[in-house]
């Protein structure tokens, strides 16, 4: 393939990866703390898409963006309070089923409210501005996504490393029960995790959908699965890991499609997962934790 | 002691009676299915789903492993069955785009010597076998890990299966994107036979379901079944009891997958024409819904769940989806998609407030029913049904006449965090 | 405590069941068999789901036809024709169940369905029940292949593929790219037929791309296509994906003309894709401005009134334009009507036998069936999107 | 024995002779349970070995980071590390109980014991499923009931294990371990949370089963009087180090022990 095409693909891959990374972080953090695959995360991301559609229809985009982020955060925390908190003491499996239940509910709800037909995603003028560098052409968002991702991640890492809350969060994910004993308010920490996760998902969705221009009730599913794989690949519970995973998946996927293996672009992601589980279950950057006997 | 024996024989006859009634009903439905087409097709679907649900329960409910690969394994079974059973005369019509791979054609020609019923059974078995092999190899890496990795990996696997089946590279085998049709249905398909076309369209799936489910029940009640439950209860302790975790998880996973695949084959026969898209994650979720509503760890629960859910979803609750006006009053909410919303909410209710589902982890048994009724009369609270029949205590000590149901699991319990 | 929940859940279910039984009859599509002076025509269509929009337009055509011909005389007796409408939700599994539903409600003949997939799925059910079906717009060969009870009044994908190929060549295109949706028989099928036809006509296929169902990001494949620099892009796919493809292509600076099959004739595509949709060409079965036959003109005016009379129809139809599928729906009903008249009986088998030899003048052209039960048609209309409208470009004939 | 940087167990050298009751004591976090886990293969030892009746069953040698940590000290002494999984160990005749009771809560008492027989079962899954091993099965059930008789739990045999009173649960756990026909039995704080009188009974119980099943017993316990009462020899651990070994009498006198342990306790 020609150099230009190659660059174009890289661009696509990186921006896709950026969006993935933002979602993957949500999975990674929640898993780190609750040991729960938050299946609903993908659908929170999808819902954020719909929020945008509706807020833009009544506000200018400058106002809509904060509204969307807020709405998504509320949704995320609500889900946590309603569906996960009551099951804290319950067996792992029930919580996981609950998570699936929520995702099932959100999808069906979206189908019911907004119909299965795709809704056009509002174009945010500055983001959509066409940029041409020689042969390569893409809208601003394509360039913006990876940059924004990196910035947000650095902010997050700062939060985790340098602030008291961050320390608390890391403590909880290291040892749930002990940190409870240490007087950390587990529930508020968990909520905070969901706040951060959802907020990032919201930003991710804005970037992702601006690039793809339409939302359907199921447009969360595949990205969701892939992002979880990204989180595992990077080492579940580790933020930088999730980011690296996100970019890796995004790029590899794009290039598989580019090389004409679009059939297997999804399959590959999961093949990757199984391989990781086989050879390095803790992922690239995660360290393993043994449960006490 | 004698009373237990008496009760046993008693419930045996009762079950026999019920079975006969069921058979009679099915037969009656079948004879005039022209008027009850809906009922027939819904019952067929329920039968198929009950098999899948039970085999999923074997993993999630009895062994405490969380697998979400059902759709994938069903796809494998469905496609194998379809490819092998499509009548030779119709094959070229089905593979109208790319034509069928010569080797496959060869295989089918050699197989075509078998009479159709045999061919179908054979196809189902092959489908199961292939699925089993896949399950075995996925199990090796994945079963060592925490249960949720299993969940995501199996989910991934079923996505892979779907992608591979619909890939153009396999056009000449799975007919890629074009789907397969002309799959023989449950009923007798060759006209001119002794039986009318379509005869047995209920009884045949009924017996398929009966045998497969019976097999799983036997496994569960065997010593291996106990081992599975032990693993579910506490892996470390189970291992300390000398139970080889990997081996037994592997075993449960393979058995479950094989049965699931066979059910997939049955689904293909039910749908008569299949395409990869039908085997998406949603299918798995629908089955999970059945299992959870029926009750994790209860075979009879899964079967009950399959029927209740399928009947409600495909028949009785249909009106949820169409706007409905009663006496000039437009009933609110009733609109496309409302049905599924109701079901997902129901799922959440069950998961959050009523984790035991319809049957909890208890099984249906006449003894249970009678006690239930009796207790009802006496107004004593009790659980519906009870555990699988009790081990006979040694003759030395007199057994407690009617021991308390050890079934019901309390909150938490299952696998520890 | 637990007990309460048990009761609650069981109760809800039971109530639901009872309600279901109680309500089903009163649901609009659900009249129970009543007088024997009635002949039932099943309408087997997706009113919801992926193809809900198109399906409903087809239903409109049928309803209009029914309004025009509500009764029929069978040996002296006047029978009221009753439409039994069911929604197959553009879903194959669903289709089997609703088909069974139709059968159990003793319809004499069925019209449907929009979308080949569901038609194929339901085929065996109808064949077993020996009820004839007329597909208005299902273009996949598989629909009628090997099924003696399935007929269709529209042309087939191989023909359509050839038509678009011819059109492309006529417009001076020499290099074409094809995008198809994996796991979608309509898309892959039509794509392949175009491929063959275009090659036969001496054109060159410079790029073949596939995408997954539910995929929304076509940048990668479009980039490849851009690199191959074709004159036209043939991208038959669902209404859902169409606007995405179009917009993303333009965003990448692809200027080649985009073409597709009949499914794209839907206002929502224009609404979603905006001015990017300009110049997109599609083939279709009918054009409202082509009033060559008086029948067509009469139909168009009548249908427009019918639509304008009902706001719901108007909105769901996206204006009072006459979609080709509506015309086909009308024709399908007409065909069924003629067949019943010819058979002079309500017996489905008799009607089926009558269908085989039927010949009539429909609004979309003459209708007569070949041995497969496909209407012999040799003309298609090409429409191009201009000024946010599907505007008639030309008709293409092939043998 | 080492987790990441933490050395949980260091230089413990024990020898247990057939028929002995040996106690392993030490303050909390001294690494007693870790020792059990090392023996039963829950965590294979990072460096060192466990020998059962002359055959090595656990053997770890330092690798990677560890190698540097253990520089010199029998580094590369073993050519390969060998670690049998817990189930293999159990099959070899080493059974254990757990500090925090780990019964199969939702199964009946009877089933809890019955499961232990599963490992010595011959029949494959199909034979088992289709009841081709009825004889075997019956036999298993019979033996299980007999065992329950011996530990007089048979009257609650059909109770759900979780519904048993605490003390009985402890007994059941031991019974379950016995069902695997062990020669060496590892008891992890069998009398934890018991009042003196129950503790007394537990002591008798342990002696009793030692006789009846001709067992060798290694026991972790905090109740000193129980330990002193039943054990033939005692090993004392502190911060993963072995600080003393000897008969109850000797241990009671050992100043180091008193300092490290008893002093702290009383």
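We call the chains A, B, C and D, going by the order they appear; numbering starts again at 1 in every chain.
In this section, a contact is a pair of C-beta atoms (placed from the backbone, for glycine too) under 8 Å apart; a residue touches a chain by one contact, two chains touch by 3 or more.
Source: prediction; values computed, not measured.
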| item | value |
| --- | --- |
| Neighbouring chains common to chain A and chain D, by label | B |
| Chain pair with more C-beta contacts, A-C versus B-D | B-D |
| Distance from chain D to chain C - Cα centre to Cα centre, in angstrom | 72 |
| Whole-Å gap between the CA centroids of chain A and chain C | 38 |
| Rounded Å distance, chain B centre to chain C centre (Cα mean) | 35 |
| Where chain C touches two or more other chains, by residue | 48, 52, 182, 210, 212 |
| Per-residue overlap in chain D, given as positions that touch at least 2 other chains | 42, 98 |
| Residue list for chain A, restricted to those that touch at least two other chains | 115-116, 221, 263, 266, 293 |
| Complex interface listing, chain A residues touching chain B | 35-37, 82-83, 86-87, 89-94, 96-98, 100-102, 104-105, 107-109, 111-112, 115-116, 221, 225, 228-229, 232, 263-264, 266-267, 269-271, 273-274, 277-278, 281, 293 |
| Chain B - residues contacting chain A, complex | 60, 64, 66, 138, 141-142, 144-149, 151-153, 155-157, 159-160, 163-164, 166-169, 236, 281, 285, 288-289, 292, 296, 335-338, 340-341, 343-345, 347-348, 351-352, 355, 411-417 |
| Residues of chain C defined as touching chain A within the complex | 48-50, 52-53, 182, 209-212, 214-217, 219-221, 223-224, 226-227, 239-240, 243-244, 247-248, 251-253, 268, 271-272 |
| Touching residues on chain D, where the partner in the complex is chain B | 40, 42, 85-87, 90-91, 95-96, 98, 102-108, 110-111, 114-121, 123, 125, 128-131, 137, 140-142, 145-146, 149, 154-155, 157-160, 162, 176-177, 180 |
| Sites on chain C touched by chain B in the complex | 2-3, 5-6, 8-10, 12-13, 16-17, 19-21, 23-24, 26-29, 48, 52, 87, 92-93, 96-97, 100-104, 106, 117, 120-121, 123-125, 128-129, 141-142, 145-146, 180-185, 187-189, 192, 210, 212-213 |
